[in-house]
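There are structures below to look over.
What follows is a pair of complexes built around subunit A, which joins subunit B in one and subunit C in the other.
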Partner chain A sequence: MSDDLNLPADLSADEMGEYLRIYVDETNEQADSLVEMLLGLERDPHDPRRLAEAFRLVHSVKGSAALLGLDRITTLAHHLETHFERLRSGAAVLDPATTNVALRFVDYLRAGNEQLRRGEPLPPNEELLAAVETLGSEASSAAVRESDEDRPAPRPPVASPSAPAPADEEPQPTKLPAVAEPAPTVAVGPARPMRVTIHFRRGMPLAELKGELVIARLARLGAVVRSDPPAGRLATIADSGRLDVWIDAAADQAALREAADVDGAEGIEIGETVEVGVEPGLKEPAAAAGGEGRPDAQETVRVEVGRLDVLMNLAGELVVNRSRFVQVARQIAPTFRGAAASNRSTAIVEDMRHSLEACRDEIAAGASASGQLATLEKHLTALEEQSREWQEGRRHFDHMLEAIDQLTRVSDNLQRGVLKTRMVAVAPLFNRFKRSVRDIARELGKRVDLEIRGEKTELDKRMIDEIGDPLVHLVRNAIDHGIESADERRRRGKPETATLRLEAFHRGNSVCIAIADDGGGIDTDRIRQRAIERGLVTAEAAAGMSADELVDFIWQPGFSTAKAVSDISGRGVGMDIVRTKINRLNGSIDIATVKGEGTTFTIRLPLTLAIVRCMLFGLPHGVFAVPMENIRGIVAIGDSQIVAVNGRQACDIRGEFLPLVDIHDIFRWAEGEARLPLSGDVAVLHSAGRSIALRVGAPLGSQDIVVKSLDDNYRHVRGLGGASILGDGSVCLLLDVATAIDLAGGRRTRSITPQH
Partner chain B sequence: MPNAMPGRLLVTDDALIMRMRIRDIAREAGWEVVGEAGNGRECVERYAALRPDLVTLDIVMPEMDGVEALRALRASDPSARVVMVSALDQKSKLSECIRLGALDFLVKPFDKERLVALLAKYAPRPAAEG
Partner chain C sequence: MASPIASGLSSSAKQQGTSQYVGFELAGQKYICRIERIQEIVIPERVTTIPEVPAYVAGVSNLRGTIIPVIDLRLLFGLPAKPIDADTRTIVVNVGERVMGCTVDTVSQVVRIPDERIQPAPETVAAGAPRYVEGFARLGDDLLILLDTDHLLAPDNLDEVHRASRPTPPSAGDA
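Right after this comes the complex of A and B.
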């Protein structure tokens, strides 16, 4: 087996990179589709549409892999394709063993693609190869003879063009098309048999078909009398490299030569001499008329996400710049907009005009003040001039406002446009679960139907990439812990087959993904017991906790109520990791659970990672932005509302006691730092069902902010989700509310494994 | 021999990567790739709109396979020039395509020079003689 990273000789390294990327993307999609077909076929193994599509997908993967010289994939796909051809023709029936082998092929293909992405060779696959090779070996061999495609290939599947052509092909009756196809009449003349000899390139694949092709093409010029080798034995051309055809035709030598000159023909001799000179010319295709009929079909282009990131960033910068314009304009506005300013100078001008008149009257009365008068007049003219300039400036200012308006529209549209190019449907992500749900359920001996809804809902591509792992975890959890065994379900009077629903939908400016099971719900008694055991809460405190508060414990690092750590979930990757990951995406996750009826996890994600709608607050240390998602309200509290609970401050907001937190408590700033007054505005922040009241300065209004990663530009800071540049050029920090609540002790947290 | 004028090519294959490969090679060889089709139906539609000089046609494709597409092409335009580009194991289908009037065929996977040679063979030549 060749090294799978050997470039085909005629591909440059650059080309190879490009092709590999396309190959990986395309075959990953085909892998997804193939899994869908396989799962559909599991229900109905005879579905001809799915069988044909599965065959086609495997065939297509084979072709693409062969193009890149990926022999391991090509060989596997070839064997699989052969077997699917048997299935398609009815010579064999799809059994679970075949499905499993095909799914393993998909796994290998995907794993291989990951390797290729990293520039590493494909892993060995002897075991899988053996499994694929034996596919259908037990199938009735009598049914396997229908056509040559049906036969398992007795030779290496990827015959490179130089590889010897099969010599063991059964002679196949080659049908001569002479009668069926009307021969275009070329020239009229005395017909006499001519011998056309074609020398073919040796070892050409499908040489017998080339022979067939030559005969068919010659037959259009006249009647083919006979051939050597004869029609049924054309396969020998592969070895001999020669075909003779006797033809009764009125055509001249050039026409015959042209007809015989197929790809792979290296020399042509025409046995009889005929007059040369007349140029009948085989029918040339009608030249396309003019330049009309250009392609207008909607074609698609694949773009690296990285490039879209760059565009997104630039669009973001543009939006920031636009805000800057708006802000500057707002600052200039009073100068031009204030009616007072305009009136005042007009008044001055008028006053001066009056005093000038008065002056003139005095002079008329006899006094000589002509010098003074002239000066006054000069000033007046200057002032009038200035006033005109100001009017002019005001007009320009109005134009600028229009331009800013226009800029706003364009930059908003640009941003929306770029956002839109990044949006992809969640369908491929969801569909992947058809397979894993089946596998996990089978492994655990449970029966689970997956119901997918809203798969056309679109989400930022990056988000889709990131949300996969948390979803897998939640789905595993749901099947492993949420859904009861079939016995248990029967006892409870539920259908034995459980339903797991995966649903995506829009909620305002966010997209929600719900994972809902109809299992037993979360057992709060067990949680209470575990929490006390682990010392997370005292027995007395636990006794007074609400169901929601108890359920919240599952977000604690390392918290698990599972009786036994199963192979599927509970590998130490806790729900806390899931939540951390979702928080990183500026999303949130909520749980709704009803004992005996099931649990629903709802992940709420912003449409995009790049832009977050925030409320800005001026704090003594600068401006902080808080995602609107996380704000329940902004309330002014008085001293009377502040109480101490267990030595910590809390405040009573409409009967709800919330921890009252200062920004210092979140970031552990030194005590000496400036603090906000005790009473004043607080923002009620919430995440995953927990809330705190954060002291904030005056709210500065809401705004879309373009988030820049702190991790990339500085380093990760717990409690901060990023930074952004405001319209006035200053930097504001984006609060990561979920982590902030943890850090502020929204509830007592004892980090077992501190992150970062 | 004078350079043949650039031919207008329509590339048909369900695999993007295969279309890219054919397109890249054809362009380098001086062809104008006027369109691409991902299945037989698209091929027939685009052929009608574009009237290319030559069509490359894959056999195993979704919706409408290459055999049906060839049948439709030749029915609508008996002078349609089509070369099949297909895998080795589609022998009986290829044979059918030959009967249906395919100009030639090339077996996948192919070397670059093979495709270049094939295309050169079927490049349009100036129709008018002095």
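Right after this comes the complex of A and C.
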């Protein structure tokens, strides 16, 4: 029995780490509950609810451990489960000895989890195993009781002395996780392959993984010849409920049966077979990944994303509050900061003091204005007092500024920290594609290698959840429409196996995900033809369109890229939905395509959904925030740079003619139009390769804004990405630039057609 | 401000089958809505106008960190607009999961009305108007209209309410 991690061969180190982490977290929770049940049963050994729950917990630990091939735990749990089944059915009564053994099991489980977390093998457990195995038999039960006499009955589960590996025990060699040892080819003789058929419960969760587990475990006993379903399609077990494995093995049936008996297996048949069809490539002892050790399962806490959202919002509020402080301080500053102010009052005091003295001297000679003098003196003193207080105040103000600086630092760090808790690597998301690329390619009869890069790049959890669907669509699209058939590729002198690259990387304040294929590129002639057919553009206009403009048509709703670009009919969502989804994440998507060489889609996403760095602009209806990454620049334009064609305006910005729009070309306002003066500043906005020049008032500076949705309390407004609260408590609107550019184009077209 | 609505009722209020309402006024007409639906009543904050919405949506406002839409009830009911003055209030209403603001001319105190004093809306009225009028109550000289805010302010219903409540056929050059 090997007691290392014997993971299904196909799992990558990342997936492994992920499963291991989940296992450790889950079983620690289950251990806690089990202790609670055992302690309750101590008071009432017949409580059916607790007995059932304890049985369930042990069973579920067994299942999880079996999934990871942690045989030591599986075996222990198995025996314990058997005994608890007897207790539950009333065939036996829980005695203190059993409770003790169960608690020792919990201790062992916990100690084992600690070891796993550190990447070390499970400690040996012969003694405990012996105790568990003999549970239920009267004599042994007594024996156990005896040997356990010194242990006070149920005790808080601290590390059991029996659990950690004794020092003199030979340490287990640390094996690499993913190696499903293809057994040292035992079967030499003419041994016919045996067929092992495992029946699973249909719809069983994790069917794929369990199938892989079975194959990996069988592979230890002999050479697995093939399986049905084959290695790439194990997910179908969930539906078929059946897995056949042909194996060349000298091992006896019992051993095979034991190996195939994983959690969820409902029946196992073993028989000889005559059919031998060797499927190459099944037995890939998957990437033993050089000397890489077992991925550490760091200590983690699972937290509901909702709670992080709340924290995130609060941190955002704090940042807004802080900027309010900064603003108020800036307003007060002249009062205290202008040294002139307090100096002047000091000067006034001195002047008055002088004239007072002079006055007194004069009066000393003559009459009595002493009453008035006294009053004057009193006022003077008061003024001095005031002046001192003022200086005091100025010192306090300086302290306040320091405190605000401090607050700024803390709130920024807090915000960054909270943000960080939400960041997860894209690896699990990308790894999902290993299988689906293989499946889709097979389905379409193409050969595709998936190349994954930058899988350690981190992205907001929410974002990862949301981006999955668009990615699936783009990947499917790339294989379906982008990559040519092997024949075609051969004709074009390309390698028959195409390469699809999935890559994540940082660029500035955003994360990019690129899906690149080395296929045929987008056929712009077909798009042109299709666009004309669909009446989206006239033949003359289409003739004059650049490749980029033509490629843009694929974003049109209902513009079937399938029919336009290839003859295979498309399925699922259209490209317009992909783009809409990405836009709603405040992201953008660009296409770069070269005919005959391939297409790259680049999705650009902000690091987080919640905070966007924006430039603020004054517009007739209020303050607008525009994400920094959509701004190419702010330019002052004069009348000479503006040309009007056909009722539309364009302006010449450094030699490039861009549509010149104002906010009314993008949005309709109930209050009618308050036009800005004709010349002035324009912000050059861009998204997905298109640009417009938007008339704006003076820029009001840039800041991080906490994006709040309008949909929560009202509804989505096309062209707005949400709203935010500014330092002064007012609401500013966030422009969704990609949609705004669409709207500007649409509205302008609409306004020149007479049907309005 | 001893409102006529509030007076005259307090005596009979303590009996069973009595509900509490918030009373408010729009162009001289008095309305009530159920107090359970009202989150709070605030003096109008700065409202930011938003595009692509009908005129009766005054805009959005910041209610302690939450962004809420503000509906101008006068415009929703097709009444002439009225500038904000010292009496103007925004009633913050819970509409399902949403929080929305409604601007009204003035808000009077909370009133208690025995359930039997609330009459269902007559057929003739109910037929044309959407179901946002839950009933009527007569209090002294005042006729109070009981509004069902859940129905009135559901974002999908607003347009229908607006169309139905236009006093004159929509010829009056309102673009």
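Throughout what follows, the second predicted complex is superposed on the first by the 433 of 756 C-alpha atoms of A that agree within 3 Å, B and C clash if a C-alpha of one lies under 4 Å from a C-alpha of the other, contacts with A are read in each partner's own complex, and residues count from 1 in each chain.
One rule holds in what follows: a contact is a pair of C-beta atoms (placed from the backbone, for glycine too) under 8 Å apart; a residue touches a chain by one contact, two chains touch by 3 or more.
Keep in mind the model is a prediction, meaning the values are calculated, not measured.
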Now for A:Arg718: first (subunit B), second (subunit C), both, or neither, which partner does it touch?
-> second
Could you tell me if A:Ser60 is touching subunit B, subunit C, both of them or neither one (first, second, both, neither)?
-> first
Among the partners subunit B and subunit C, which is in contact with a greater number of residues of subunit A?
-> B
Which superposed partner A:Lys708 touches (first subunit B, second subunit C, both, neither) | second
What is the contact status of A:Tyr19 with respect to subunit B (first) and subunit C (second): first, second, both, or neither?
-> first
For A:Asp361, select first, second, both or neither according to whether it touches subunit B, subunit C, the two together, or no partner.
-> neither
So, A:Asp261: does it touch subunit B (first), subunit C (second), both, or neither?
-> first
Name the contact category of A:Arg668: first (subunit B only), second (subunit C only), both, or neither.
-> second
For subunit A, what residues appear in both contact lists, the one with subunit B and the one with subunit C?
-> none
Within the complex, subunit A is touched by subunit B residues 8, 13-18, 20-21, 24, 34-36, 42, 45-46, 49-54, 60-62, 79-81, 83, 87-95, 98-99, 101-102, 104-114, 117-118, 121, 124-125, 127, 129
Subunit A - residues contacting subunit B, complex | 8-10, 15, 18-19, 22-23, 26, 53, 55-56, 59-60, 62-64, 66-69, 78, 81-82, 147-149, 153, 157-161, 174-175, 177, 180-181, 205-206, 209, 212-213, 216, 261-263, 279, 283-289, 293-297, 299, 302
Flag every residue of subunit C that touches subunit A in the complex, lowest number first.
-> 45-46, 48-55, 57, 59-62, 65-69, 98-100, 155
Interfacial residue positions of subunit A with respect to subunit C in the complex | 313, 317, 621-623, 663, 666-671, 708-710, 712-715, 717-720, 723, 725, 729-733
